[in-house]
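Before any comments, here is the structure.
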Amino acid sequence: MQINGEFQPKIVAFCCNWCSYAGADLAGNNRLAYPENVKIIKVPCSCRVNPMFILRAFQRGADGVILCGCHPGDCHYTSGNYYTRRRMALLFSMLNYLGIEKERTRVEWVSAAEGAKFAQTMNEFTEAVAALGENKRLEDLRCKK
Amino acid sequence: MQKVTCDTLAAKACELLENGTVDRVLGWKNGEFVYDVTPALFTTTDDIKSEFVFNDFCGANFSKYLIEETRKTESKVLVFLKPCDTYSFNQLLTEHRFDREKVYAVGIPCEGMADITKVKAAAGDGITAIKAEGENLVISTLYDEDKAVACADVLAERCMVCKSKKHVAYDELLGEDGDVIDSNRFDEVEKLEAMTEDERFAFWQNELSRCIRCNACRDVCPACTCEKCVFDNPESSVANKAISDSFEEKMFHIIRAFHVAGRCTDCGECSRVCPQNIPLHLLNRKFIKDINSFYGEYQAGAEAGSRAPLVDYTTEDIEPTDAVLKGASDNA
Amino acid sequence: MNNREETLIPKIGVITDVRIDTPDVKTFRVVTPDGKKAFEHRPGQCAMLSIPGVGEAMFSITSSPTNAEFMEFSIKKCGCVTEWLHQAEVGQQITIRGPYGNPFPVDDAFKGQDLLFIAGGIGLAPLRSVINYCRHYRENYGKIDIVYGSRSKDDLVDYDEIINEWVKDDGIDVHLTIDNEQEGWDGHVGFVPNYVKELGFDTNKTVIICGPPIMIKFTLQGLIEMGYDKTQVYTTMELRMKCGIGKCGRCNIGSKYVCKDGPVFRCDELEELPDEY
Amino acid sequence: MRKCSIQNLDAVFSKIAEEAKLYIPQDSEKGTDYKEWTEGAVLSNALNTNRSPKDFFFPQTENLMEFKTSGKEIEIIDNRDEMEDFVVFGVRACDVKSFEILDRVFLVEPYDSYYANRREHGVIISMACTRPVETCFCQTFDIDAANPEGDIVCHKTENDIFFNAVTEKGNALMAKLEGVTEDADSSEVDAQIEKTHEIMKKLPLANLTADKFGADKTNEFFDAPEWKELSQSCLGCGTCTFVCPTCQCYDIKDYNTGHGVIRFRCWDSCMYSDFTKMAHGNSRNSQLERFRQRFMHKLVYYPTNNDGLFSCVGCGRCLAKCPISMNIVKVMKTLGGKDNE
């Protein structure tokens, strides 16, 4: 997406309901700014995120996808994020193997108390994706306007 | 050239049919041209004597057929398993996909199967006969003199990097058991990892863009045993019959490989059956290699009942960000 | 030649009325945006309706061709397209293309004949257009009998029209039945095939059957026992369709395409086809 | 008849490419496929391309129309793009025949204008075979590999390529190639045809006949017990249907792009379990029924509806590509009885 001639990446952030979404809330409450490019999708647990969700996000125009969950050991459901960690490690490694820039995908553990970390993570991630430019490698041309 | 002969297998099949151990046999049936061997179910010794075949083109892995076969009756079915097939067999057992009691598994040694594409490239068009003689295949064609081609030169890719001559499951073994081999099957994966992102992208774009979505890779895969695949389920929102955008082909192949990650035994059937010659095994092997490197050596199917890496975890697992770096730079 | 005329490209239709027939059947009235009929059809023919993004499906046109103003479709909720339609409100646009398939031979084989319509449940939908056509050209046909059954009184499609119009017509006998006893129902109770036998019709009639396959099977058996010949019995089929024009390759029974060579078949023709429906 | 030397073939290609997009079969590590001709592209000698040329007229996916919706309203947008002239060079006799088989489906009323337009805009330059292989059985269906049909028919000899324009479209294109071709007599071509005919007699499948099959044989074969054995190891994949030049079943699907709906058509396979699935049942529940449908269609149903013409051209792609090596030849031999050996 170009706004005033400047590339504005679209970022999809999957946030777990218990920690990271609350972290995003806290960031808001504390007036910590993070880019409006970030679209948050709340999930019950980071482990709910099927690899297809990540691909779908890219297909529908995301330039970067970030997945946020509770810190390992703190999962509301005891072990969900441990599975997430394995799945995403393999998926992201595979995406990179297929030539998808590794900076476009990320997993970050953000607790409900880490509003500042949430904002900072989103700022950094958005910046990194912005530097890469538009997602051309996992795009669906039919979805382009 | 296979060490175990067709006659030995056929005799074993007849013996087990006759003594009532089994009432049907999953085996290979001869075709029109030596190399077009079809998996078939034999129920009589007459059929076995006239149509059973075992040669250098019997690549098909029967493990998956056992799912349906063991549902049919209470009696036993005989299945011949090459070493690599036994891994799929074990993996299916681990996942409770068939009833072990209804199968009589005979392990057979395998010297590697030939790839007909390579045979054709080496011997020329119009193959009329292929005979195994010692270490060679002697090939007759419509247009040239008979040609002897070394079996080793026309081995299927998966057999060139064979990971094991050892049978990990059987009721009875014909011939001698072999060993797990320290193969270099990850070389190709490493070559890709050493490339730049751009080069990798170009490589896969070229490969995957040829996909015609025939689903043969999925349908033949002994790890793909869902009763209804997500790609066939209109409710899944990813059901798609054809590649209508280049995104779709990547989506299909990433998800296909991901769904069998940690369960794929690297039997190589996906690449064997691909009508477009896409090296699909390079996707599966990447997952296997990553799993080995991130979570420790794991061979799906080596041990029945083992816990697959994606349904397991440790509290100290590698972080995804580090994993991506490790996956890409391991050997760069 | 750069031809842009394409049968696969539909017309826009507007739903101008939604009638709730039974708990799972609604009847939709459809016209073009300028208030006309989308196209002319013959009794028994079908149309492809679709909602972009949801899918396309084939439905029999339930209104009679003699209705010059609009078309009607009685649709039972059973898949994604029908579910979506059931949520649609008046004014909703859909797409429509057709007409497809062959009609009932109302102007040849049926002419001058006594007609016996036998329907079960939503099976009345395709017959309604024939019945109303025959009512319109009443002088062309002999006596008309209609046997119609459903699970319960609430599941009788077009009940109002049956009670208020059909039963009042001269020379039309309507025989209704429901599967089980129900409060407020003093009519016949029992399955259609048995009811047909109980009624015991003369064997000189032309029969038109539509309903669940099991009903058709037993009714047909009963008719044969009563002395009917298969050449006297017509039915209409339904199979999965995508194109409606005999090209997409899925609705065939043997070499016949239901969308093109059917959906109306005479039972002796049907018998010649392989048993795959 | 005109000819040009093989060295000068590029001049012919370049001339054709001035008129329209030109596709020629080209080799790669992964086999042979039709690709657009560009300077320096080399014509393949292969018999079969991986994908059949049916793609040119009936692509695997094509957009039929688009919808824009707002509130309760729908707008239909016809944005088709099949109006471009193109030339396909090097189509083999079997594949040329497949177009006639497709025509009889798509060009009968109500005809399919997408297909019709592509057919109208495409010129087919065929290439006679000289080295048929073991999987070839076009003769079974009375197709002459040595003398194909097409708009322009080509014969490649050791040094030259001979051109024979046979249709109006072919003549029009040939006229434009006058400068790069010269007049030729047919003796060399005739000799070559004869030679190829001799080879064809020696092919392993030379004696395969389809005489037992054909129009109105449904009841003879439908309930044959052999279907069970033939279909038992079928994976239910779509390889045979998708590599087949005559398989034409399709699906129509909608895709929501987020800013509209694309209605597209794509190849479908009667081998797939959901092919005939409806909300309330499936008329072909088992793989046996689906397997039977495919071969009955090719050998019986299609001939019944098309004056006895079979819907198979003997190209041999399914023989080479089926994951389990089950194919129409084995079906014909099994059902056709022993005298078909």
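Residue numbering begins at 1 within each chain, and the chains themselves are lettered A, B, C and D in the order written.
As a working rule, contacts are C-beta pairs under 8 Å (C-beta built on N, C-alpha and C of every residue); 3 or more make two chains touch, one makes a residue touch a chain.
All of these numbers come straight from a predicted model, not from anything done at the bench.
Colleague: Report the most central chain, judged by the distance from each chain's C-alpha mean to the global C-alpha mean.
Modeller: Taking the mean of all protein C-alpha atoms as reference, the closest chain is D.
Colleague: Considering only mean CA positions as chain centres, point out the chain farthest from chain B.
Modeller: C
Colleague: Distance between chain A and chain C based on Cα centroids, please, to the nearest Å.
Modeller: 53
Colleague: Quick one: report the Å distance separating chain A from chain B, using the average Cα coordinate of each chain.
Modeller: Chain centroid spacing, chain A to chain B, equals 36 Å.
Colleague: Just the number, please: Cα centre separation of chain C and chain D in whole Å.
Modeller: Roughly 39 Å separates the two chain centres.
Colleague: For chain A and chain D, what's the span in angstrom between their mean Cα positions?
Modeller: 46
Colleague: Any chance you could list the residues of chain A touching two or more other chains?
Modeller: Touching at least two other chains: 140, 142.
Colleague: Where does chain C touch two or more other chains at once, residue-wise?
Modeller: Correct list: 80.
Colleague: List, in ascending order, every residue of chain B touching at least 2 other chains.
Modeller: Chain B, residues with two or more chain partners: 234, 244.
Colleague: With chains as vertices and touches as edges, which is it: line, ring, star, complete or other?
Modeller: other
Colleague: According to the definition already given, which pairs of chains are in contact?
Modeller: Every pair of chains meeting the touch criterion: A-B, A-D, B-D, C-D.
Colleague: Flag every residue of chain D that touches chain A in the complex, lowest number first.
Modeller: 255, 257-259, 262
Colleague: Where on chain B does chain A make contact in their complex?
Modeller: Residues 192-193, 197-205, 230, 238, 244-248, 250-251, 254-255, 257-258, 261, 283, 286-287, 290-291, 294-295, 309-315, 317-321, 323-328 of chain B touch chain A in their complex.
Colleague: In the complex formed with chain B, which residues of chain D make contact?
Modeller: My answer: residues 30-31, 33, 47, 50-51, 60-61, 131-135, 199, 202-205, 229, 232-233, 235-239, 241-243, 251, 253, 255, 264, 266-269, 272-274, 319, 321, 323-327, 329-330.
Colleague: Touching residues of chain B toward chain D in the complex: what are they?
Modeller: Per the touch definition, chain B meets chain D at residues 31-33, 36-41, 60, 65, 125-128, 142-143, 210, 212-216, 218-220, 232, 234, 240-244, 272-273, 275-278.
Colleague: Could you pull out which chain D residues touch chain C in their complex?
Modeller: Of all residues in chain D, those touching chain C are 64-65, 67, 69, 72-74, 76, 78, 80, 83, 105-106, 110, 112-114, 116-117, 120, 218-219, 222-223, 248-254, 256, 261, 263, 265, 268, 270, 275-280, 282-284, 289, 293, 296-297, 300-302, 304-305.
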